[in-house]
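See the structures that follow.
You will see chain A twice below: alongside chain B first, and alongside chain C after that.
Presenting the complex of A and B:
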């Protein structure tokens, strides 16, 4: 049994949207400390690691640790009905196994939706030694990604101690986007050694676009030909981190 | 069990053209398969995930498959399309690109058969607005975990192109060898298949319980029985001889053969090819619900298009208008159907497939309540070739294809899935199609029923014989009349009504109302056929037979300009018959 309440419906909606880009059925873990989800997209190319401690919520009660699996896109349809300053309350009816979504504000709505069989698969966190750590504004990142998308469907990210460079090469066109350390977009940059890795732009752009709604600043970590970690700093407490596996480009 | 075991077997099977080798490879695979999942493995070897009669398909279009492959491999869709043009095989293309995939994945896991089956099952069941995206993601996920070889076979499976050429019979052989103790067990295993049409269920039964499992196999309402088929002969003498001198001869209706499964309130209809065609015939389902008294039953019937007004049978072509997905309601109105039942394979707990035909027919009669639109197939029991021939001509004239002559002997069981000599078709070798209209004289009429109560249901029409100056009947016509025609006909014919057959009319049929031969109408038929009951050109073509028009339709033209003696003559009809007589080529 659990019951959680959030005065800001938009925050919940944005977070669920960010998760929905990778998974269709999501298994949440709910315990005394808070709400957690770690999941991989079906193609095993990207991972999301999400955590909201109970302090994020306006009300949070749970009797024992619970796993709850729900269809994310269905849930999103319901959450989209909530206006900006409306209150959302989620609770699990253990008898029926149904999730109740109560939205109150201008008027009261009480939705119920079924829960699914929770996945038993434990997704481990990738253990990677990162050589580059960059802190950027999500707005700056979004712009750079949009530029790259004009010419290709994948992008090479390179960094040394001075700059972060996005290199996109299409069949006919190319683009190089340079973010200098200390510029408006790139707040900080550390590189133990110059590194480069290539990633799918469709994953990258979707992740950055949706996560930007919840965060202004992102920390990127990567190494040559290794997965990239994108950590989106949350206004309140909590964690929203994505991992994306690289592409191998043979030249 | 790892999916790679299956993929390896597929590869070996592809490399052989010998059926025996194929069987051996299958035997090895089936022996190495855990019994709990043997049904799934059997479906997969057929490139399917359910038995054929289950109305669910994995249903992956080429577009979707390319998208999923692009996602899993990190290779551009355009590049995949380009390669596909060369190979023409998504499987091969998938194998190639997964071998040089550009996208790295987290934690690749070896694919198990269970995982593959569950994912395909999820894909088949995906529906609604998000179905395409979900299917793409699921397929990409499978491919991400697959080796290039596995990717090839997964891709072929989801797009319905596995085509290993493993016939049902090869699987049955392999099951008999792997779990039945040898090839001798094949007959028992095959029977189990013939009464269930479900290779997976048969595999599970024989794997788990050996031959005992298949011996105890019983028909199940909801699982179609593979239909018994008939051989063909073209003379009544040969047929009777083959059937031991005596047979039940039934009308062979020109419709669609359907297998009716009724369980309490639920009715499912299967086609001859075991496809679920329930959605095409909501009206037939209603008829079954209303007129099949048995709680549970498996019955066989011929579903025939009828004329809504007269109840007469219509040609097969009209029934084909019912083969559609949309507009069923309209088609039902325009092309209503009747059911002619001819066998009972299961009734209220009793499997009848091993009972003799006369007993099955008795069970059939008890199981249903005959009505205007639900009847048992019309039949005679005969040992006389002449009687058989006469019944045959009558069947043709009434719109049937001919007769099915059935054994009544001690071995007349239901041979599911087999074509044998217990049932023999008797069809025409020749037919004479009608291309021109004829002008015929109204000599009698039959009272209408139902919608046509108070007017005529059909008219008895005759051609003119100038030699004897008589009118000889050639057809009974009830089709083609508008409501307006029907309303004015009794009024129009009133002055010609007489109390008995007119002396110049030569008829073997008793009409409800007789007329003076005066009024002439124009009629078009489908064929001219030999008839045992119409007097037109009696004995001219064949001793004891006249000529009749099959599927006649009034064109709407009253030939008021013509006197009865100006009507089409019998010699003209004989000429039409002879001119158009052609051998029937079976397609």
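Presenting the complex of A and C:
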């Protein structure tokens, strides 16, 4: 049994939206400390690692550790009904296996939705030695990604100690986007060695677009031809991190 | 990308065609009225110079002579305004002038069992001559109708609808306003058929409806997509569903409408395969690389399945001299794809994308497996005439009936395909989003396993 309450329904909605980029069915782990989810998309190209400690919630009660699997897009439909400043409450009825979503504001709504069989798969996070660490505004990042998307489906990200460069090459057009260290968009940059890796823009753009709703600042970490780690700093405590595997063109 | 109109639709003067017919021995035996003949073909002038004898267009046979042959066979059919015969059953709904379209039955002046004339499910293996042979016997009656106001369109449209749902060939008397005029309409989506004329009156004999379809027809609270799926689930042939779909037999009462035949074919393929795709996504992935093959009507299909989450791509390559690349010097390739989430826009390559998607989904559902599927098609120069989307559906279905060649790695599978195709595999790879993905896009698991 658990019951959680959040005074800001929008925060929950934005977070669930960000998770929904990668997964249809999400298995949340719920225990004394908080709410967690780690999952890969069906093609196993990207991973989301999400955590909300109980302090994020206005009310958090749980009797014993539980796993709960739900259809994310169905849940989103319900959460979209919540307006600004409305309170949302989630509780699991273990007898019926149904999740109850209660939204209260101008009036009260009580939705129930079924839970699904929880996945038993334990997904470890990739352990990678990152050579580049960059801190950027999510707004600056989204803009840069949108620029690159105009010309190609993938982008090469390169960095040294001076700058972070996004290089997109399409069939006919190309784009180079430079973020200088210390500029408005790039707050910090450290590179143990110059590195570069190529990533799918459809994944990158969706991740950055949806995660931006939850966060103003993102930390990027990567190494040559290794997955990139995108950590979106959360206002309250909590963690929203994505990993995205690179594209490596070999001829 | 080569995306301009693929339909050579210019109504050019028929002088050169008459020249060809006079010049060859084809027309010698038949006394045809020159006014009956309207030709639709490329107006690039090659045909005038060639007159069907030099094969300047690069095709293996002159499509005009082939068409003219059948056309002339149907000349005797064009002498009368009164056509009596057994309709397979078959109907055609045009798309020109939408929402005011020409609809009506297709009737051959033949009194035998004609059911196969309109059931592409049974055509696989037949030669192009045989298919065009019986299709060109089908005379099309036309009656103008507003797609949404068909209920009040009168007896001719009522009878057409009645006919479309029949389970067996039906005796039809088609009384036309004038003698049918012909061009053999050839199209990559729609099966070919013969000459046409406006309908004066239509008399339809006793019809017995397919009872499954009738049930969906009388249920005016059942949505069209649900009706299609229900019928497909009960084993009703795709062609029969599509035929009923085109005459507004399904859906909520207020939403029912006539649907041009070519749209209805793709709509039905799309509705069914969409449902099957959702099922496929719940099954475990296949564990090896597979290649399925089929060759029919000089269309070579290689269907590659990869052990990965569902996604789908169709690529077609047209040799110079084939239907959609008549005057090019180079092979032209078209492609379209969708990822796991599916697509929301219409595939540029058209109806065959959805027809092939249906065929591969059927196989995966049957096997309860999931895969990434890439359908590769080479259309060779002797594919001189398009015969309809059914060719793709049935050709890929045939491929799925064969035992696949299996491989441990993608490289081996691609080497196999490279040997089967004339176009270098590198060109297919460069064209294919999903192959590039499979070759170049790493997975998170690649980096977890290493630890």
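Observations on the model:
Here is the rule we go by: the second predicted complex is superposed on the first by the 249 of 251 C-alpha atoms of A that agree within 3 Å, B and C clash if a C-alpha of one lies under 4 Å from a C-alpha of the other, contacts with A are read in each partner's own complex, and residues count from 1 in each chain.
Keep in mind that, in the parts below, contacts are C-beta pairs under 8 Å (C-beta built on N, C-alpha and C of every residue); 3 or more make two chains touch, one makes a residue touch a chain.
These figures come from a predicted structure and were not determined experimentally.
If you put the two complexes together on chain A, you find that chain B and chain C bump into each other.
Of the two partner chains placed by the overlay, neither chain B nor chain C lies in contact with A:216. When the two structures are aligned on the shared chain, A:58 is found in touch with neither chain B nor chain C.
In the superposition on chain A, contact is made by A:227 with both chain B and chain C. Applying the stated contact rule after C-alpha superposition, one finds that A:43 touches each of chain B and chain C. After overlaying the two complexes on the shared chain, residue contacts for A:126 are found with chain B and with chain C alike. Legend: residue contacts after superposition of the two complexes on their common chain; A:117 is shown touching neither chain B nor chain C. By the touch criterion defined above, A:237 lies against neither chain B nor chain C after alignment on the C-alpha atoms of chain A.
When the two structures are aligned on the shared chain, A:73 is found in touch with chain B, with no touch to chain C. Comparing 21-29, 147-155, 435-443 or 543-551 from chain B against chain C in the aligned model shows that the clashing stretch is 147-155.
On chain A, the surface touched by chain B in one complex and the surface touched by chain C in the other have residues 40-45, 47, 124, 126, 153, 200, 227, 243, 245-249 in common.
Of all residues in chain A, those touching chain B in their complex are 24, 40-45, 47, 73, 124, 126, 153-154, 200, 227, 243, 245-249. Those residues of chain B that touch chain A in the complex are listed here as 71-72, 74, 76, 102-108, 130, 133-134, 137-138, 140-141, 143-145.
The touching residues of chain A, when paired with chain C in their complex, are 40-47, 124, 126-128, 153, 200, 226-227, 243, 245-250. Those residues of chain C lying in contact with chain A across their complex are 281, 308-311, 339-340, 433, 439-448, 451.
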